[in-house]
Structures are given as C-alpha cells and as structure tokens.
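Pasting the structures here.
Below, chain A partners chain B and then partners chain C, in two separate complexes.
Here is the complex of A and B:
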C-alpha cells in the first residue's frame, strides 16, 4: 500500500517538471468552453430549459465537464499496450507489486497533478469569464468529489482493458481509437446525454461511459436531487466493479500468454 | 542447498510466419502458420550460494531468455525450476523480493525524477526500514561513487553513470542473488573496471550470488571462476574457467573455437572439469562458494589506476 502511494507521489513530482506546459493548456480549455458557451446560448435562445438543464446549468455543466476531464483523462491504454509491446513491462515484473495497480496509482498521481495545476485554476478562470454557478450546498461538493474520483476509476479501468485488448489482438490503433470515440460520444463530454433524442438515450444509459463525465457533471450543476445523487454514485460503483473484474481476468490470461520482447 | 536449480528447463517461442507477396498476406488472414523456436532447450543448471557464474554464448543463444525465466518474467514451456526456494513465476511477488536484476539494455529507474527519488521509491516498494536503507545507500554510493549523481534526473545521466545507479538500485533491498544481463554493454574501460571491482566486492563482503551474461570476456576473466557456455539453447560447457584455458591462446580464441563447434576440452592442458556435465566436474566444486582469486583483482585494479 505504501508502495502504491509512493508511486502516486512520484508521478505527481515528475509532472511538476512539466507544469509550465500546462499553463497554455488552461487558456485553450477556456477557449473551448467559450465556443461551446456561445453555441448553447444560440440554441437556448431564451428557452428556459432543454434536456433537463437550464441555460445557466448548461454553462456550469460545460465548464465542469471539461475541467474535470483534466483529472480523469489519462493515456493508460497506450502506455500499457506499448509497454507490453516493447518489453518494458519486463522491468515491472521484477518488482514486488501488481503491475496494473501500480499503473493506476501512477495515473492517479498524474490526475491529481492536473487537478491542482490545471482543472482548479482553469475552473476559476472559466468562472471569471462565463456565468458558472458553483454549488452552494457543501454536501453537493462532497458528492461531486466522490463522483469525480469514481469517474477516474471507471475511465482508467476502461483504459487498462483497452490497452490489454489492443495488445492481444495486435490491433493497437484500431482498438484505442474506437475506445476514444466511444468515450467522447457517450460520456456526455460534448453533449449531455439528456439532449440525445429519446430513442438514442437508452443505449448510453446502459453503457458505462456516462459514469465518466455525464453523472459527475450533472451532480455539480445541481440538476440531480436527493436519491438521484445516490443513484448516480451507485451506477458508477457498479461499473467499477464490473470493469475491475474484467481487467483482472484479462490480466491473468495475459500473464500466461505474455512474451516479453527484446533484450 | 543450491540457490538456482534448473532441470530440463525449456522455453519455446511461437513465431508467426508470414507468406511472401499479396496472395500470401491474404492467405495469412485465414490460416496462420507458426514456427516454433526453442530458445532454451532442456538445460540443467545448478548454482550454489556465493558463486559468481558467467553465462556466455553467441547472439541469440538464449541467455536473456534463461534469465527471464530465472527471474520469473517468463513462464517456462517445460522443466523444473527452483530459485531461492521459489518457483519464480508462480510466487512472483514474494520471489522478486529476494533477487536483484539489472538489464544492461533497459533502464529500471524512473526517467523524470532524481536518482535519489527513484531509490526512495524502491525503498518503499520493498519496504526497507529507514536505518537499513541509509546504511546500504551509503555503502553503495561510496563504492560506486554516486555522490553527485544522486540529485540528477535519470534522463540526464550518461550510460555509464546510469549503469552505476542501476546496480545500486538492484541491490538496495539486499538481495542474496543478483542477475546481470550485459551490465557492461557500451561502457568505457574505466567504468567497466569500477563495476567489476564493485561486483567482486559485494560478492566477497555479502556473499551475494551473481549470474552474469556478457560479450566481454574480460568481464568473465575478472569475475567468474565458473562459466556456462550456451549455444542455440543448449549448454556446451559448464565448469571452471581455468579448465578451458589453453597455453599460448587467449580466452577469446578458445571461446570462439567453442562457439564454432569445436569440442570442449580438446586442447592441451584441459582438466577434468570440462564437457557438458549436469553432475558438474571438479573445477566448480573446488571453486564453489569462494570469491574470485585476488590476483585477478589486482591485475584489473592496477589497470584502473593507470
């Protein structure tokens, strides 16, 4: 356990060396949010609510969805399939820890770095420019923090699975691209799921992607109330359990087939 | 009890064989043809605690593959294997605490952080108590002269500097068994000498067992009373280094002749230690457990000073 915490800390420290690169990223994200903001202003055109969100909630949704992406997003899929492919994984096998847990811990360290140096200042910057409404209820902040952490777990486990599958099917780019498109489309990052036509809403609701962005961002806007909040967390927890079992199963099979390359 | 005990240890790789041309590629889609390569072919190997064994052979002989099995990275295709009392790949997490590994071709330090931070991370990973960690780090940093390197990020180190750090990293948790796969590759003479001195010293001081592969026979002469020669996955010779020496010939020539298929021990002066012998000849038994002869040490030490 101490080992995994230390891996997290080290990754955070390693990222500090690159923090300057991130300042320009904040500006880019604010510009993103701005362009979506103006599009949505036109779409709402004076209407009170669309897809279950008011225009003000929509602005908040956009800002928080993009900024929390900085926390849950990572490249574990590519890292894992590359490390297996080029044999770097050999070095990980001589360490007394579980490779996947170590990777997850590192990714969390990176996520926390981006939360501190990117998402938090970014959200503050966005709030200066656009009418973002922060929750006034302290409980909502706590639920949102929990939901964001769970979102990280869902997305990272997804990446682990995609990385392993990509390696074993020898189809790196295809699998990783498909995963990327699915996450972008169904996580609610670009379009809250409530805006999909009724017939298209059902599918995403049965898929794990909503647990990555849609649910935590909804929590933040205050659009979910009482038991709905707990249901959102439960949906996320459910998917984490399912994905964790799948990842562990794949990894066990991988161990038997793994051929460490090179050297 | 032996620290490494391998019986009929075998590793086969299945290689995908592609057919030539477009039509071939199309047929490959439906029926894949595989070719089996026996990288390690039923070898028997026993190493006693405290030994320093040179594991040599031409490119592609199967040295790295053997080391990967011995360290639990690869699962053997067949055979029995017991290292430090464990079946490496089966009890991996417990087993790897007892060994140290250095791959000359691959870094195991964290690229972006200072060497010292990498070491501290290893301390936590292996759960080394603070006092013990400080004592070991002092010792390793002293002998390997790491002083100024500790605060430099790994990506800024030269190959030789990095390799010294890699060695320290492999030993921070005090393993009783050290595997080195081409630890001196690409290093200049001075660094090579320092690393040889260092390995001799930890072997003498802590009785650390060492199995090392190299293409530099001077490494072998300086360090290994016993050599195992491998070619195409089979052991050609296992015994005392002295037993294959011949009057008037350098080790280089002798080993080249063996790689080229000449029978081992055919030359004048070859003792009874030779041939491929699972039972192991007198050469090894006589040498067993002892460190390297001091003459070798002085010879190379003097070279380093000059």
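Here is the complex of A and C:
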C-alpha cells in the first residue's frame, strides 16, 4: 500500500515540473466552455428547463463537467498498450507489485495534480466569467467529491481494459479511438444525456459511460435529490466492480499470452 | 505582384512533387490513414448530432432555423478542411523547426521558407471534411429551398479562399511567435478551440464577442458571413463581400510577422 502511495506522490511531483503549461490550459478550457455557454443560452432563450436542467444548472453543468475532465482524464490506455507492445511490461512482471494497481496509482497522482493546478483554479476562473452556481449544501460537495473520485476509477479502469484489449487485437489506434468516441458521446460531456431524444436515452443509461461525466456533474448542479444521489453513487460503484473484475481477468490472460522478444 | 505570380507558377511542378510525396508517405501507413479519416468523419458527425439534438429542444436559435445552422456549419467545414489539410505543419512548428533547429535546413533551400513549411507535412485526407460540408450544405439548402444563382458558383470559391486566408494569416502569425520565444505558449490550441465560435450565427454571442470575432479576430468571416450570404440573410450576408479583403489583410499580417521572425531567427546552436 505504502509503495502505491509513493508512486502516486512521485507522479504528482513529476507533474509539478510542467505546471506552467496548465495555466494556458485553464484559459483554453474557459474559452471552450464559453463557446458552448452562448449556444446553450440561445437554446434556452428564457425557457425555464430543458432536458431536466434549468439554464443556470446548464451553465454549472458545462463548467463542472469540463473542469472535472481534467481530473478523470488520463492516457492509461495508450501507456499500457504501448508498454505491452514494446516489451517494457516484462520488467513489471518481476516487480513486487501489481502492475495495474501501480498504473492506477500513478494516474491518480497525475489526476490529483491536475485537480489542484487545473480543475480547481479553472472552475474558479469559469465562475468569474460565467454564472456558475456552486452547491450551497455542504453534503452535496461531499457527494460530488465521492462521485468525482468514482468517475476517475470508472474511466481509468475503462482505459486499462481498452489498453489490454488493444494488445490482444493488434489494432491499437482503432480500439483506442473507438473508446474515445464512445466516451465523448455517451459520458454526457458534450451533451447531458437528458437532452438526447427519448429513444436514444435508454442505451446510455445502461452503459458505464454516464458514470464518468454525467452523474458527477448532475450531482454538482443540484439536479439530483435525496435517494437519487445515492443511486448515482451506487451505479458508479457497480460499474467499478464490473470493470475491475474484467480488467483483472484480462491482465491474467495477457500475462499468459505475452511473449517478450530479445533479452 | 505580377512577378510574384510568375514565381509561384515556377513552383507549381515542385508543389505537385511535394504533394505526391506526401500522399505516398501517408499511405505507407494505411491503418493510420483510415483511422484519421474515420475520426474526422466521426467528429463532424458529432458536431452535426449536437446541432440536431439542440434543435429538438428549441425551434430556433435567435431566429436561425435548424437547417440554416446546419448550412452554416457545412459551409464552415469547406475552408476549414482546406486549412486543416494544408497547414498541419504549423501546429508543432515551434517544436519541430525552432527548438530542434530544423529551420536551418529550410533556410538553405531556394524556396520561400513559409511555403516549405506548409509543404513538408500535409494531411490531405482532411479534405474529406469539405465533402461532408458540401453534403450538409446540399441537404440544408434543399430543405430551405435556397435559390442558387449561377454567379454563386464563382462567388463560392472566392469566399472560401478568403476564409482560408484568414485562417492562414492567424495561424502563421501564431506559429511565428516561436521565433521570439521557444517556450510553449499554448496559443495555437487556444485559437483552435476558438473555432467553435466561427461556425454559429454571431448574434448568439454578446455584443463584445461579436465585435471581437468580426473586427479583431475575424473568425466570423470564415464561416458565418459567407454562409449568411448564401442563405440570403441580407444584413449579415453583406459582410461576406468583405471576406476577400479581410482575408488578404490577415494573410498579409501573418506573412509580415513571419518575415520579421525569420530575420530574427538565429538557429538552435551547437
């Protein structure tokens, strides 16, 4: 356990060297949020609520969804498939830790760095420019923090699985690309799922992607109440369990199949 | 100017060679080529889906109908695809040419440096975006019952060229910033994200932003104003007449910044 914490810490410190890049990143995200903010303003045009969100909640949703992305987003899929491909993963087999857990710990360190230097100041910056409403209820903040952490777990496990599957299929870019498109479409990052036409809403509700962006962002806007909050967390936890089992199973299979050349 | 034209004509066979070479090297990795193509298509489809979904909830955006917004997006895709396909190299110009010093090599060759940088990397598969764009325009145009005039056939390429020139000018100037500072400025990704502002009717933005995207960073001339002309939306459409002039101005600005930067360039050392 201590070893994994240390990996997390090292990654966090390594990222500190690049912190300057992130200041322009904040501006980039705010500008991006702005482009959607005006479109949504025109869509609402005085209407009280659409797709289960009020205009004010929509603005908050946009800001929090994009800024949280800085936390849960990572490139574990590419890292893992590359390491398997170029054989460096062989060294990982003889080390006294679980490769996947170590990878996740590193990613969490990176995520926490971006949370501190990107997402948090970014949300503050977005709130200066756009009418973002922060939850006034302290409990909502706690639930949101939990939901965001769970979102990180869902996305990272999903990346691990994509990375391992890419290894089996030998079509790296195709698999990783497809995964990214699915996340973009069904996570609710670009469009809150409530806006899809009724016939298209059911599929995303049965998929794990909503746990990455839609559910945590909804929590933050205050659109979920009472038992709905717990249900959102439960859905996320359910997908984490499923994905973790799948990732562990794939990793065992990959270990048996791996042939490292040279030496 | 006439001399310039003659010079350019002299370069044409060379440009054709560069393009052919580029296509060959892109096709050497067919999987990357096809995924690149597919991801462009998916991206455009996602933007169209976004527009369609939004209009499920609103009959109009500030008086703009669904088909009109699709048309604007479709039109925007044409100059954007031309820019994206030909100017791909500006994206990491700072890293590749200034930090690693490859610009030394460029300067030793008897071809304008800017032209070389453009020609050395192209992503011609991005031109497919123009096809998507024209398809979207055709669909929306039919639904709206647009009356195309014969003159539009001539006006269309002129307006597209103006839009491409605006993009070229802005991004050449930004890439040239690397001659002064080799640290990552993040300006290019920033401008990239501003794209989204140029493909919706400008009247949805605040008065200040509208001014900025018309007269400071004239992105509205790339997509919106020309599209408004073809949509026959009088007031906005008139701005389209300025597109070629604005394009020439912005491009001239970009080239001037570039030339000043090249004069300042000292090589990467060692």
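A few points about this structure:
Basically, the second predicted complex is superposed on the first by the 260 of 263 C-alpha atoms of A that agree within 3 Å, B and C clash if a C-alpha of one lies under 4 Å from a C-alpha of the other, contacts with A are read in each partner's own complex, and residues count from 1 in each chain.
Operating definition for what follows: a residue touches a chain if its C-beta (ideal position, glycine included) is under 8 Å from a C-beta of that chain, and two chains touch if they have at least 3 such contacts.
Just so it is clear, the model here is predicted, and its values are computed rather than measured.
After superposition onto chain A, partners chain B and chain C are found to sit side by side with no clash. In the superposition on chain A, A:50 contacts chain C only, with no contact to chain B.
After overlaying the two complexes on the shared chain, residue contacts for A:138 are found with neither chain B nor chain C. An angle of 100 degrees, to the nearest 10, separates chain B from chain C at the C-alpha centre of chain A in the overlay. Legend: residue contacts after superposition of the two complexes on their common chain; A:10 is shown touching chain B, with no touch to chain C. By the document's definition of touching, of the two partners only chain C reaches A:177; chain B does not. Legend: residue contacts after superposition of the two complexes on their common chain; A:25 is shown touching chain C, with no touch to chain B.
Applying the stated contact rule after C-alpha superposition, one finds that A:41 touches chain C and leaves chain B untouched. In the superposed model, A:88 lies in contact with chain B only, and not with chain C. Taking every C-alpha atom of chain B against every C-alpha atom of chain C, the smallest gap after superposition is 13 Å.
Taken together, the chain A residues at the contact with chain C in this complex read 20-21, 24-25, 27-28, 31-32, 35-36, 38-39, 41-45, 47, 50-51, 171, 173-174, 177, 181, 184-185, 190-191, 195-197. By the touch rule above, chain C contacts chain A in their complex via residues 31-32, 35, 38-39, 42, 46, 50, 53-54, 56-58, 61-62, 183-187, 189-190, 193-194, 196-197, 200, 204-206, 209.
The touching residues of chain A, when paired with chain B in their complex, are 2-3, 5-7, 10, 13-14, 17, 87-88, 90-91, 93-98, 255-256, 258-260, 262-263.
In the complex of the two chains, the chain B residues touching chain A come out as 13, 64, 68, 71-75, 92-94, 96-97, 99, 101, 103, 105-108, 110-113, 117, 120-121, 124-127, 153, 181.
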